[in-house]
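In the two assemblies presented below, chain A is common to both, partnered first by chain B and then by chain C.
Right, the complex of A and B next:
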């Protein structure tokens, strides 16, 4: 059946201004509509003995055997074949944010847990506006203060970003729980694979400024375990550090693990065929990434530590 | 045959002696309502079904269909709307049956020797034994009964969606107690007289199964009232098919509602009638939200009274729209897209479309530099084209770009 074959992970592009739950429900409704539109099974047949129209002989009743469809299997009595689909959501996006949003269907939901345990970084494009500050750090909040921003230059901004990156690097090393004095730690650091593999506060692994045109600016942020409100708060704090104030105009996720904006399906393509194609095309790279990270994790730390004990 | 009649007659005697007075009463009142409070369960009593079967002499031999029992039930039960508390009946039933069974077993062993299944019987008797599994006493779906009830089978062939009907409150119960020949046929003929087509009847009954339990005379009075208000035959047919609950409203209620709309909107009688014919759901819905929506349009959105009348006449759906959505859409159209009030009065269908759609299309046009909504200037784009065209047509004709460009742009928002 088509619903059982539909299993895997794929990404959609969530538009801004819509809650993630609504996006998940919209995809589910659309898929259910297309699955139910396909012709179902033919109804079961049953043999019934109906009284004959012309009576046979004498007192004995004439019965005619007839093969009739069982009415309980009629589509109007049974209802739609598929009423629900198991669609799970990956890392969530809040209402004002937009971007790559990973969903899993059927057995693909197990891959979602594995992806969560991989702790891969996510990349955001964050737009900011100097000159005002609001209470919820976004443009639609209540205004708290207005300031001048003529003194801000690109170099000052990049200096602040470097400071942020430095402090977050220290936090990264601390929360990844690796002893820094070992050879394995050095090899991981060279490959850039040091990151916390458990719970941690939000950590920013890389920041850079994409555009700077006063009063607007745009940053690209690579981060782990973040929430979108944390990123908006960061924009607000950047404004404070630069002795001015800033609000966040846009938070857009352009990458979630291996899924990029090119893999994400826009709203016009949320149908059965596009989703099946998307699942197929992304399947290979999701599996390689999971194997590399989770398989690698076991090999590098535990396995080698075990070998170390045996040697000594 | 002898075996069957013997057993059944034995049960009959016992039942009649044991609960001579109360049992028929219980039979009568058990049918119409749900035994369980939550599901529209049918109270088809299997034990009592056997009793009427057995009492009647075996001349029909109708083994397949159970229409005689249905008919008997329909005939012997009183009005379908009896409101006896279901819980007490349930408990009383639970008390009775174990009692009776015990009595049957006790007395059965004593006087008459039980018949053996290995007894030799004649061919005619063998043919007439009903060997079907019993119908469930309670069920939450009509699937269990549809093969055994001619009424339900005929409704399915008409096109009624039983899977939706059984989800409604007490609707499934109502359908099981009605008989096609006696009750339903009259109402169907009445609906055909009103003007509903044959192929629409199924959909109509799916949305409003309760009309099958209505009194024919009151329905005819209501149609006569509508005719007295100078609604034509085809107009009444249109209203009834679009708002299936219309004929369940009493004449006073319909009168009140028509009067309400005439007063609130201030349109002429002819225009109010036209409005009601196009959106008859206004008559069956609640009235407070309509009043509030009119207030919102006047006070918060800032439309003049004559502008509101024009908008409501063109798109009556605005009266039943949600206020929050109305405010958000207007805010975006007026403050961000910069469309003045008189343009919105000319194209009120923008209020019916989704805000996300308007936003995306406007931003795409702004990105391309084609966001021009002022008819005085060149390359003007009208608002109804902005919202009502499908995506491909919008991209190629209005925005003069390909669908791929539109999708790539959507991914940058």
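Right, the complex of A and C next:
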């Protein structure tokens, strides 16, 4: 019924302070509640011959035909119709981070594997604070050191960001496992399409400073194969490079493949109706994206990078 | 259930219960923590020198590469990645020759120029040996001061240095040009002496007779070019490939003015490293002369040796800077586009081996993208078979033949398209040689 039709990929906005598993369970519970609340099939009817006292003299018991619902179909006997839903999670977010969190339902879970194999970049907004360093690189960790930061200017920060981008650009070419001596490697490098299509350490493809107001600053980071703790560590290392120290105050994913913050459902909309609409509206986008990268056509990236990647 | 005595102590306020620190305690501990200062508001960026490439000749200036400190250590033949060289003064100009290097500083101190590497033709001046006071060192392993015969050593400043195959030129602001090294083709600007022994020679020649002050000196393989303030170009040295541009194929031992297509043209930059020469005028035109066996000048002539400067009619825009290598040439236009032509690994993949007409290298290979549309190439340099490009963000991109690790990429393979060299700082200038490179770098903060 509705559960079988419910299949696809959609995005949810995960709030900070909640584990990703709880978000997945909350969505699952809500969907189950709504699916079970919908009126199910009417119970089967059966014809029972019930004894009833005959209108004539006492003692003679007659049988009256009556249409009764089968007790085995009673909701209290059968229990809820749907007990579990197959909801899979895309790229995970840790407890302190927030942002776009992609989930798949039913057959949509297969698309999740394909999206993972696309190795697309994800975009984060990372907030930082100069002046202190902690052991887990976030504001709530144990204090390690406090330093001055009045010598930091936006120009110095942008210089460091340019270097980070440059070294990661090199890492992009190195981990993509393409032979640098071929003409194809040159053409892909010109177009900017070289990307590691297998396992690699976290690589940052672009960094930009959005806001700078001492002691706070905000960066927009495009990255591949990252973890949120790696981004916090990067903020800490930026602080060290600038001869001061920094902690990360906020990690927020604003884009995961084709899903942006606008497509992500807030907590008030974690219901069946909105999820079905979200799956519908994003279906075309997701399919074009997968086709472009993993498809079998001439223009797909996988075809351009070579057959070897199909099996990695 | 606490013991009575402990509870009484707590009630009197004399004891403190243990437990995880509360938020207030954490906040107070944080505010009470000391603040460290690593850099003040007026912290200046430091200037450094990084070297890489073939080190056995001593050209990198690190003695432990050639003669290690410990007996069990092996000498390092090649330095594949940038290595910091400690210098006493801030180096403003550097030049790489064929197995030797010159570093110059803008200072008014007595020691202005240091040299290291091969010294078999006294291209680094006379370096007195400590074992035998009458002889000089043939290999200088450390940056050693070069004694220039200046009239006013505490006032003259050295502007620029340049190195060729076995000779070097030092340009000063008020005392002309000093030349030293091999003079068998007259490249030092003095008369050729038959059977002259150049090894251990004390002779440093001074050149002053030009029509105006010399503002740039360039060394080719065995010839020298001088550019004056008025925009004229002088040349001396070997001319068998026409690289002196004086209209003949003979040796010239006195700097002579060039004519041809550059007569009357205000030249703002000259470049040479092998046997081909390029000049850029203030209007953005490119002129070339010298060896054309590798199609460097094939756009104007079929001859392989051009001995008169010829205008190269390229329709690529106004040219800002040009650099000549052994077999390939590179120019940078005002818009920031890079064009290459000639023979060898030109930077557009393994399929482009030779071209007579300049081909543009796409700016996306130098870090230009939608995220950073302001990134453009600011300078171009050429070694014998490598190219280097510096962007306005202080990044260094190299490509070409990786002879003995001179590209600095960390690998020994040739590089067919521009590749970023990881240098811990903003690269301000780079000098390319045959098998090593020297870069002047400013630290980030």
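The working rule: the second predicted complex is superposed on the first by the 283 of 312 C-alpha atoms of A that agree within 3 Å, B and C clash if a C-alpha of one lies under 4 Å from a C-alpha of the other, contacts with A are read in each partner's own complex, and residues count from 1 in each chain.
Just so it is clear, a contact is a pair of C-beta atoms (placed from the backbone, for glycine too) under 8 Å apart; a residue touches a chain by one contact, two chains touch by 3 or more.
Because the structure is a prediction, the values reported are computed rather than measured.
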Just checking: does A:267 make contact with chain B only, chain C only, both, or neither of them? Give me first, second, both or neither. first
Now for A:190: first (chain B), second (chain C), both, or neither, which partner does it touch? second
Name the contact category of A:48: first (chain B only), second (chain C only), both, or neither. first
A:113 in the overlay: touching chain B, chain C, both, or neither? Say first, second, both or neither. neither
Let me test your reading of the model: by the given contact rule, A:177 touches which partner, first (chain B), second (chain C), both or neither? neither
Contacts for A:77 in the overlay, against chain B (first) and chain C (second): which applies, first, second, both or neither? first
Spell out the part of chain B that touches chain A in their complex, as residue ranges. 60-65, 124, 127-128, 142-144, 146-147, 152-153, 156, 159-164, 355-356, 359-360, 391, 403, 406-407, 410-411, 413
Quick check on the complex: what are the chain A residues that touch chain B? 13, 15-18, 46, 48-51, 59-61, 63, 70-72, 74, 76-80, 98, 252, 261, 264, 266-269
Name, in rising order, each residue of chain C that touches chain A in their complex. 29-30, 33-41, 43, 348-351, 362, 364-365, 367, 369, 371-372, 393-395, 413-417, 419-420, 422, 426, 444-445
Quick check on the complex: what are the chain A residues that touch chain C? 132, 143, 145-148, 150-151, 156, 159-160, 162-163, 165-167, 169-170, 173, 180-183, 185-187, 189-192, 206, 208, 241-244
